[in-house]
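Several structures are given next for inspection.
Next, two complexes with chain A in common: one pairs it with chain B, the other with chain C.
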Partner chain A sequence: MGLNWFLLALPFIILTAAYLFASHMRLADNPDDKLLPPVSKMVQAIKQYAWTGDRTNGEQLMVQDTLSSLRRLVIGVGSAAIFGLLAGLNIGLFPGFKALGNSFVKFLSIIPPLAILPILFIVFGVGEVGKVMLIFLGTVFLIARDITLTVESFPREQTIKALTLGASGTQTAYQIILPQVMPRLINTVRLSLGPAWLFLIASEAIASTDGLGYRIFLVRRYLSMDLIIPLVFWITFLGFSMDLLLRKFAERKYPWYVKSGG
Partner chain B sequence: MNGSNNSMCVKAGGLEEKNILHIQDVYKIYGNKVVLDNVDLSVARGEFCTVVGPSGCGKSTLLRLILGQERPTKGGLFIDGCPAESAGRDRGIVYQKYSLFPHLTVLENVLLGKKLCAGIVERFRKHKTFEEEAMHFLEKVQLREHYKKYPHELSGGMQQRVAIAQAVIMNPSILLMDEPFGALDPGTRESMQVFILEIWEKTKMTIFFVTHDLEEACYLGTRIVALSQFYSDGRKNNGNKGAKIVADYPLPRKATSTMVKAQASFGELIQKIRQEGFDPKHLQHVTEFNLKHDDSFQTLTPEEAQR
Partner chain C sequence: MKRFPIMLLALVLTISLIPMNEAFAKEKFKIAWSHYTGWEPWEYANHAGILKKWANKYGIDISLTLVNDYVESINQYTAGQYDGCVMTNMDALTIPSVGGIDSTALIIGDYSNGNDGIGTRGEGSVTEFTGKEVMLVQYSVSHYLLARAIDQAGKTEKDIGMKLVNVSDAEIAGLFASNPKAIAVTWNPPLMTIREAGAKIIFDSSKIPGEILDLMVVRTNAPDSLKKALIGAWYETMRVMSGKGKTADESIAYMAKIAGNTEQSFVAQLKTTAMYYTAKDAADFAKSENLKKTMEYVRTFTFERGLFGQNASSKDFIGIEFPDATVMGSKRNVKLRFTDKYMRMAAEGKI
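Coming up: the complex of A and B.
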């Protein structure tokens, strides 16, 4: 147990030590070096960013950026999860939907979302809708594909069993299959969060007036590594927390899932 | 679903109307592989009909046709005189596995059919009644105290008992079982055999029970049917022929004690059916099958009947 924890922490310790050492060496050469700022400078930069706020309107920038980014992320991924679930469920269960949608979804899932970003900005404008649409389009097809495959992998015996218990086709889909797909959906959403952050930061970098991605690319102009590095950690922390939250939620809500071999 | 479609139902006064299950001239062909080859079977109400046969002879296929999970290539299957089309609540099913829904607790699994068949209002109004009924069935299968558990928390035998309760609570016209005890250890298996007989005696339900275990089939059934591709007939192209019912015996209904398995007559019958159904070298001609049960019948084509 102790050894495990040590091994777990070891890469982090080495990385931190290497950074501190390199930073120290560079600063000894040139006290004004901006590339590897000391920890004290980073703390100062993040303090100012978090508490001092914007000079012009007095808002707390860090809170505002974080909320804006999270809102885009949640709306984008959330709507992708809902659409992906419904599309995947129906394509997986009903031959008609399958004929209609399966190849189309497969085709759409191959389009690189960033390549259509300009189209999105032209069609939906550079406001919130364009950014949310990018996240939505970037994740929805993979979620739909995954749900389709999950539904198709259910034994046919289950559907037949439901019919013998008096279920209709719709009841089977929404009362028998859907609840069993939910934990899988949560896992898929967890995996989609990585790409979703990518699309979020990309779209914020290109056209935005707030958000964590916007902030990073803004301060890049001043080579402000002292703020960029903490921001990267903050984003990583947010991503990690969301993942953990979803995992814990799934474990609590669907205790049968892991144990029955899902 | 099928039961309501009365215009399609058979009206003639033959076996097909009298009996709960009637199968006539049924063929099932996958690609160019004939699996079921002109199968005829009629099963009376209240019968415990067991089906045996060599592995891969088409027992499960026949069961799937009755269930409505698949359609026959040719021929007719009737439940209560109505064509057995897509699966519905007139037929209950217990598989070897996948019978229970992993996301529902034991109680919810048993309750499910009752809920699905009720309207939304009724579902709330009768919630208590349904739950009491489900608990009553759980009591019957001796799982009352496990009602809150999920299927993965139960042993194989317990899971199958829940699956039986889940199907029986719907009071189906016929209960289909495909090797329900196939995955259980011998001890559990024997107690499950006693258990299913008790259920059958209490409910007087018609049961169609597929197994590859001859001893189990003879012990449980009131009628045993052997399905097999090992027979001879008058057809010229004998390379691709499917299974037929090659033996059909009534069984005496005795006490539910497992002691009967040790009796001599019990062993003799098993030996006889083993030879008739399972021995690839013992090829009886189609006209000489031991179809001893009163309800058994045969619709041979003239070509088949040739010597």
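Coming up: the complex of A and C.
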């Protein structure tokens, strides 16, 4: 057990030590070096960013940036989850929908979302809609395809049984199949969060008035690694927390799914 | 498990090599450049062998590298990857100088004389921007231009109360074209594109002549051989470019091609670029009082927006040295130096 913990911590320790060593070397050479700032500078930068605000307006930017980014992310991924679930469920279950939508969704899911980013910005503008749409389009098709495959993997007998017992098509879809798909949806959303962050930061980097990605690309202009490095950790932490929350939720709500090894 | 110490060692060695790049390899120098009308001549000097000729004269080796992202090129220079880099006076102050790299503005190549501008869909003055979204690359020379426009209108940014949208320079022209209410502040070539998309240019850098300077910046501790070779190559290129005849035409055609413009559009951009074709003009400008006035504006603007970092308690935090040896700001922390020494030598034929 002790060894495991040691091995777990080892890469982190090495990375930190290597950073501190390299930072020390550079600072000895040039005390104003901005590339590998000391920890004290990072703490100071975060303090200013989170509490005291900058010289021009004294706003507490960290809370505002975090809320703006999280709002875009949650709306984008949330709506993608709802649309993906509905589309996937219907395509997987009903032959008519399958004929209509399956190939189309497959086709759309292959388009790299970042490639159509300029088009999105021109169509939806550089405001909130453009950013949310990028996240939505970047994640919805993969969610839909994954749900389709999940629905198709359920034993056919289950649906037939429900139908012979007198359930309507809609009842079968929303009362028999939907509850079984839900935990899978949560897992798919967890996996989609990585790309969603990527799209969020990309859209904030290109045109924005606030947000975590905006901040990173703004301070990059004057090589403020003392703020960029802590921000990277903050984003990692937010991503990790969201993943953990979804996982705990699934474990609590759908223990049967977790036990079955899903 | 036995491999761990070796891997650790390898990792530490690799990372510790990063700072070592600063040490000059024997007489080999690396210069970075990025695309801008006034900097294309550097690539021509490289292509036509002019740079090599002057490097040979001073017994050194100079490699010129295109870094296809302006901010990245300055960041790499500041990080120690290059001995010199092209940049504006404002960025020289806020990136390498604030980053502790003692830098010298070796060559004042040109000033923007209309290459930077504010385009609108109808507003006639910056005072009408209240409550509107203004697209620009924040904290860039565009931001500075906007601040100066507001300043000249007798207002402050707070009085006007507009919403600044940070937009990448690669996207700004397309976003302007698609938005009927757009306001954008940008530089050439995107400025030319938005002008063609129907923008009304209400303010441009010709109203603040000599304030946005395009420089070749080198490390102050770089040897004279590098400085002289760069000066020699630059002014020979200037002579070729501003001359008449086949070689001059070929040089312009080559620069237009690498800039990705048509010759016509490149020539139009050169008109809004006030090139200092002769070393004497550039040297005289470096010595003028105007330069001090400009740097006072620039340092006030950048300090007020926090670009000097958290350690700076006043705009005097960094010292800027001028050719007459006066220092603006801290004498103990001089990190940006303007000199006319080398340009003067070129003017007098002593290079």
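By definition in this document, the second predicted complex is superposed on the first by the 253 of 262 C-alpha atoms of A that agree within 3 Å, B and C clash if a C-alpha of one lies under 4 Å from a C-alpha of the other, contacts with A are read in each partner's own complex, and residues count from 1 in each chain.
Basically, contacts are C-beta pairs under 8 Å (C-beta built on N, C-alpha and C of every residue); 3 or more make two chains touch, one makes a residue touch a chain.
Model, not experiment: these values are computed from the prediction.
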Fit or clash between chain C and chain B when superposed on chain A: fit
Which superposed partner A:34 touches (first chain B, second chain C, both, neither): second
Of chain C and chain B, partner touching more chain A residues: C
First, second, both or neither for A:9, with chain B first and chain C second: neither
First, second, both or neither for A:100, with chain B first and chain C second: neither
Touched partner set for A:125, first chain B, second chain C, both or neither: second
First, second, both or neither for A:167, with chain B first and chain C second: first
Touched partner set for A:82, first chain B, second chain C, both or neither: neither
Chain B versus chain C as contact partner of A:22, first or second or both or neither: second
First, second, both or neither for A:179, with chain B first and chain C second: first
Lowest inter-chain C-alpha distance for chain C and chain B in the superposed arrangement, angstrom: 41
Contact set on chain B toward chain A in their complex: 67-69, 86-89, 91-93, 95, 98-99, 101-103, 112-113, 116-117, 150-153, 166-167, 170, 172
Interface residues, chain C side, partner chain A - complex: 4, 8, 11-12, 15-16, 18-19, 22, 71, 75, 78-80, 94-95, 98-101, 133, 135, 137-140, 163-168, 170-171, 174-175, 178-179, 304-307, 309-310, 335
Complex contacts: residues of chain A adjacent to chain B: 155-158, 160-167, 171, 175-176, 179-180, 254-257, 259-262
Chain A residues within the chain C interface of the complex: 10, 14, 17-19, 21-22, 25-26, 29-35, 41, 44-45, 48, 54-56, 118, 121-122, 125-126, 205-209, 214, 217-218, 220-224, 226
